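In the two complexes that follow, chain A is the common piece, with chain B as its partner first and chain C second.
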Partner chain A sequence: MSDDADAVTDGGAVAESESAAASGGSGLASLRERDDFVVIATAAVLVVFPFLLIDVFGAIGDLTGFSIGGYSGLPSLVLIYGIVVIGFNLLLGYTGLLSFGHAAFFGSAAYSAALFSQVVPSPLLMVVVGTLVATLLAWPIGFVSIRRSGVYFAVLTLTFGQALYFYALGPGAWLTNGDNGFSDIAAHGLFFGAIPLEAPLTPLYALNSYTVIYAFTAVMMLIAVWVANRIINSPYGLIFEALGENEERVEFVGLNVFRYKLMAFIISAVFAGVGGTMFVIHEQYIHPTTGLYWIQSGDFVIMTVLGGTGSLVGPVLGAFIFEYVANVISGVSLPGIGPIGSLWRFVLGAVFVFIVWVFPRGVYGAAEDLIGLVTGGGGGDDGSEPAATDGGEAE
Partner chain B sequence: MIPLQVDIASILLNGLQQGAIYALLGLGLTIILGTMEFLNLAHGALYLVGAYVGLLVFRETTLTNGLLYSFGVTTIGFDGGFLAALVVVPIVGFGIGLLMERFVAEPFYDRPETDQLLVTFGLALIVEEIIKNVIGGNTFQSIGPQTIFGFNVSQPVALPVVGLFPSWRLFIIVIALVIIAVTWLAIERTDFGLVVQAGTRDSEMVRLLGIKINRSYSLVFALGAALAAFAGLIGASIQTLSPQIGTDRALLPAFLTIVVGGAGSVRGAIAGGMLLGVIVSAMTQTYSQWAQIVLYLFVALMLIVRPEGLFGSGEVGE
Partner chain C sequence: MARDTTELSRRDVLKASGTAGAAGLAGLAGCTGGGGGSEYPPIGNYPVEGDEVVFGFNVPQSGSYSQEGADELRGYNLAKKHLNNGGGWVDSYENLSGNGVLGKTVASVEGDTATNPDTARQSAQRMINRDNAIMVSGGSSSAVAIAVQKLCQSEKVQFQCCLTHSNDTTGSECVRYSFREMFNAYMTGQALAPVLAEEYGENLKFYQLYADYSWGQTQQASMKKFFTEVGNWTQIDSVPTPLGTSDYSSYLSDVPSEETDVLVLNHYGLDAANSLPQAIEQGLKQDMEIVVPLYNRLMAEAAADSIEGIFGTADWSWQLSDQYSKTFTEAFRNEYNKVPSYAARLAYSQTVQYAAACQRADTFYPPEVIKQLENHQYSNAGLGAETMRKCDHQAQRDVLVVQGLPSDQQTESKLLRIVNQTSRDKLGYACDAGPAAECSLGPYGGENN
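What follows is the complex of A and B.
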């Protein structure tokens, strides 16, 4: 109990010092530095990611005989889901709300962007429209669902998502093409079609793993990371975190709990909307099952928890693991057992249960703990914020 | 043009049949939730197991893919008939429930609700994938028998007002209602039920009174699991089997049922299941495309207007 109190008072103190910093104190530089650091580090990873995944892993695969290299579309796909789960984590990892209906925002953004592309085939405007639709949809759904908590919240978000799914499958088929899926996506290239999305980024053969769409997605990812980092480190984000730890306390302080929860919900839906639009631009196809079905919502949950809630990196790591297992490991053939093939979901489920059971902070949290252990508590300082979240949850 | 009362009567009867399955599912889920405050997203997996165990006991099935097939096994099952399945399936469900309570639920009683949801969600995924990979992901025919207890149930029977109605479905309604009634009596009228009910209110107090509530927990969990498996068998006798039915036909309806009826309430699960069954049946017979949409929106509306459900106290599951 005293731990809890400490965490909250701590949070308050940090919020104060940071808002002071924002208003022009000497602490401004350090905050900026931190922001810059996150963005630059992300950019660096984004620059080497396709090379690592496709070329390096591919070379290792050639050497060992296990085909563990990624295909050319995979880096973009990982980033797309990464964008979604960064937002989802703001809701689950920080605010502590488990939604089983985020496919609704992902899918509705994808469908509306796809439909919009037939009028204006600009990828950038598609992102704007798709995200706008997801946001507008999240407002009423969030407004209604936030009033309930726990399993009721999960079921409410689920019901809205499923209603949309069945609408897209049946009565809405005139709009969505129903079970056949929607493939009339007319997105032309960037800059009024001057640069086709599928083209390689440079004419250099050695950099063939880098496509225009990857660069486009990477920029979106960079923006997503920057925005999420700003939110998490702002006083506003601290309130999200406080909500996840102890809702009553936040209410007693006099804050409007409902409003903050609703904002967390809508913000997470914005990320899902961006991801959904990028998904449809990338895949050039959307089906009710990939876009709106609750299993898709469940996949977001799996990615987030697998990687680790309560940190910026964790969920993206989860998205990578999920997509890597789904698309690459499923093609690997093991000696004696044969191809993994359709067993991939089983493998993933087993890993997921193991992670939830043993490492509630996910792969990233476990790695952090391990580093902390090796360096003799040095990592503890690094992970002070997520650790505080966890202390509250474990009680 | 069919007279209106025929429509209404057949809607009610079909609704009763669908509702009985929902009620069985909701009943199992709600007693586990109410007693242990444990959220079991693997409830649908128990339905799935019930359906497939039923399939194995009921008839010999020819495999066309899956791991067993690749090992050279082309047929599985015993051709034991439906009565054997009726006995075996709940026992298997009961056993799985005991194991699940001991090895999965117990370590998670003191952990956050979200962890319970996540671990059982993962477990459901694993069960579904095991069945998909071992027996094959294809769809199997339903396992409705020709005769049971000497009655021929393959022909429709003429009922007053409704007209012809499949006699097997009539049998399902009867047997499901009997099981529901027995469960209700066990919880409302026996000492065991009394302990369970008291545990729902205040488990610590029950423990202080010297009652071994952990034993009751195991029993309740196993009972809930047996009910889910039984629902799976009933469901499989009228609908086709595939690995997805665990989530599509069981897990989601079960959660909708208890949310409508009130989490933790036995009466609520029965009433909620019946209500949803009638809604689905009415929509299916009129605007079938909208059936699922209306179902989900109804539940959403219910949660907004009456959050505690039909019979719920509003305390469980928050």
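What follows is the complex of A and C.
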């Protein structure tokens, strides 16, 4: 039980440090008003994230005897899933469409990028190709699925995803190497292989948690946040949000609901495609179970809801908690109880139930409320919207 | 591939710079940095720092193979205990003292593969990068073993295969840093075909169902090859079923019962636990013989009422009466109060074999340890004489042909009887034939390779 508490505070710690980096002083208050505040705040978090996850958690682990430290590779993995769920949230959180087949875009991007790398071993071009394939695939799948709503939509997307999974595992094995997994990925470095992806970013021993692949992923993450932020704050994004709130009203206004929904679907697939490609560049490996299986699609849903559907970067926190529990907490050994091992899904489930029950707006929503409470109580003269609303309610 | 030869791994750089840094500091302080003294360059997680050496035990702890994983873990922990304190096989291995390995205490980290290749890779990555594991062992599902052994090759960390039966593990997907003691689908075909030809006669017609993924595909191909060659049997058809199918009735009702003499169910674990009882229920047993190429305990237990007289192969059985099998079974029984499954023996054997190879090499330096294991001949793992072949890292060993016992003769620990221990001389294939023909192991790493 102490571990789900751990995971929650961990998630909280990141959220706090993120906002601490931004709202630390009153001089930064004006920064919060900026449209691109979230991009700047994300950048700040990305700079400290590996150090926090690997070195600080590792040191705490050494002190307490619980091996809770991250490992090299985990920060990038969190960001990769973060990119996917930012896009997924545009669909689920804003437009209100629950897709259960986003692994299809993640996996097909990963496979096509992996295959493409054998022709042109360039990670940058792999991202382009993978994303393109995911986008092209999303159009027909979206075109068919969006004609139905609610559970029918979810099941249709699930069906497409599973069809691809079984194809990749069995009949398509000549292309995907089936159950043996695909590992013949030829791209190992940026700029024609000049900078190996696994190399440390700096020769400094103290900063060895920072690798080239992390920097690459972090840049992609920033671009993803920036693009998503632009979409959300644009009139187009407002229509997405309106669709999520009341589809009929949007239709009465005279807008083409189908077209907007399809666009939201395709945009979210673009993010999944970027994520899938980054995954295969990072892992140098892809398997149908990871890339295309419905459980992967379900994991995207869980990450998004866990982190908070209504916010831009909330789902990234969900991705962090999910991957942290799955890959680190699962290896922790408790005195008296023994290794958590098989119980990690139970721990994750407990965290999920707790979050959804107590904080329906996810971890991010909870953190936002907490900060709003603290800063709102302090003065309330800063112009930021959530704090002002909270202050108003308090008076 | 390119990765193995040209790329400088991040951790190689770190180790090198760390060592250089330490040497520099030592020089500045004017003191001799004791303890190090390694004669080989850093590679993977070598050199091993401190008084402990860490092994990573990566097994399925959740999902359908968790029972199997739990038994593997028992085997691993028993091996760790014996390596550190003596007992079991360690007492009879001349290189092992029961006092750790190369003077270091064996510590371990555990991980859950969830029978998912990516989860398994993440778990192995954590063991290698954070916990500095010098060796990782695990398996259950060939997909997991193949995924993790690829990772270990690129990280230059030893991988000891546990339960993996696919031809590809030491065939097209083989790597230098991984060794497999378990037999494969090809050898199953070789071991089963003569026994079945003798039991059921020649010139029969057989029909196959197979799980539609790599293992099932290679398994059915091997069965076809050897049934046709050895018993002069003819295949009517071989039908793929999706992995994880729970209802096989439509596939089973397509089996032409007048024509078919033998039905081969190339399913493993949970799939077999579903397909076999359903085949019996449909009354197919009255019209034909049923064969399940690879037994495991999960399936035998789940289908205990249906396995009577059904042939298959197994890696090992606690019922074997040689000295090493007895020693292991006894030690396992004393520790856990139950008999070991073959997965447990594989786990135990892999750990002890690796430790013994380190002792022989007198170093943890992976290329030297690998060279000790290559072409290593031994007969102290419970299966008679074995050779760990150099060309594909596949053990040349005996294979057990087993048969399910009738319900009234079954006990909790004894569900199968050993029909035949097929000698390794009748099994296997040359280095340029069968699965081995597709294998290229890749580099040792290190300076001279």
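Observations on the model:
The definition used in the following text is that the second predicted complex is superposed on the first by the 332 of 395 C-alpha atoms of A that agree within 3 Å, B and C clash if a C-alpha of one lies under 4 Å from a C-alpha of the other, contacts with A are read in each partner's own complex, and residues count from 1 in each chain.
Going forward, a residue touches a chain if its C-beta (ideal position, glycine included) is under 8 Å from a C-beta of that chain, and two chains touch if they have at least 3 such contacts.
Computed from a predicted structure; not experimentally measured.
Clashing of chain B with chain C is the outcome of superposition onto chain A. Of the two partner chains placed by the overlay, only chain B lies in contact with A:356; chain C stays clear of it. Residue contacts after overlaying the shared chain place A:342 against chain B and chain C alike. When both complexes are overlaid on chain A, the residue A:180 reaches chain C alone and has no touch with chain B. In the superposition on chain A, contact is made by A:290 with chain C only, not with chain B. In the superposed pair of complexes, A:199 makes contact with chain C only, with no contact to chain B.
In the superposed pair of complexes, A:163 makes contact with chain B only, with no contact to chain C. In the superposition on chain A, A:155 makes contact with chain B only, while chain C stays out of contact range. One listed stretch of chain C collides with chain B once both complexes sit on chain A; from 183-191, 273-281, 309-317 or 363-371, that stretch is 273-281. Residues 166, 170-171, 342, 345 of chain A are contacted both by chain B in one complex and by chain C in the other.
Of all the residues in chain C, the ones that touch chain A in their complex are 1-3, 6-10, 13-14, 17-18, 21, 61-62, 66, 109-112, 116-119, 121-123, 125-127, 129-131, 142-143, 146-147, 150-151, 154, 166, 168, 172-173, 212-215, 217, 240, 242-243. Within the complex formed with chain A, the residues of chain B that make contact are 39, 107, 111-115, 117-119, 121-123, 125-126, 129-130, 132-133, 137, 247, 252, 255-256, 259, 263, 289-290, 292-293, 296-297, 299-300, 303-304, 307, 317-318. Those residues of chain A lying in contact with chain C across their complex are 54, 58, 67, 69-74, 77, 121, 166, 169-171, 173, 178-181, 183-184, 186, 188-189, 193, 196, 198-200, 203, 205, 208, 211, 283-285, 287, 289-290, 326-328, 330-331, 333, 339, 341-342, 344-345.
Considering their complex, residues 92, 96, 98, 144, 147-152, 154-156, 158-160, 162-163, 166-167, 170-171, 294-295, 298, 301-302, 305, 342-343, 345-346, 348-350, 352-353, 356-357, 360, 393-394 of chain A touch chain B.
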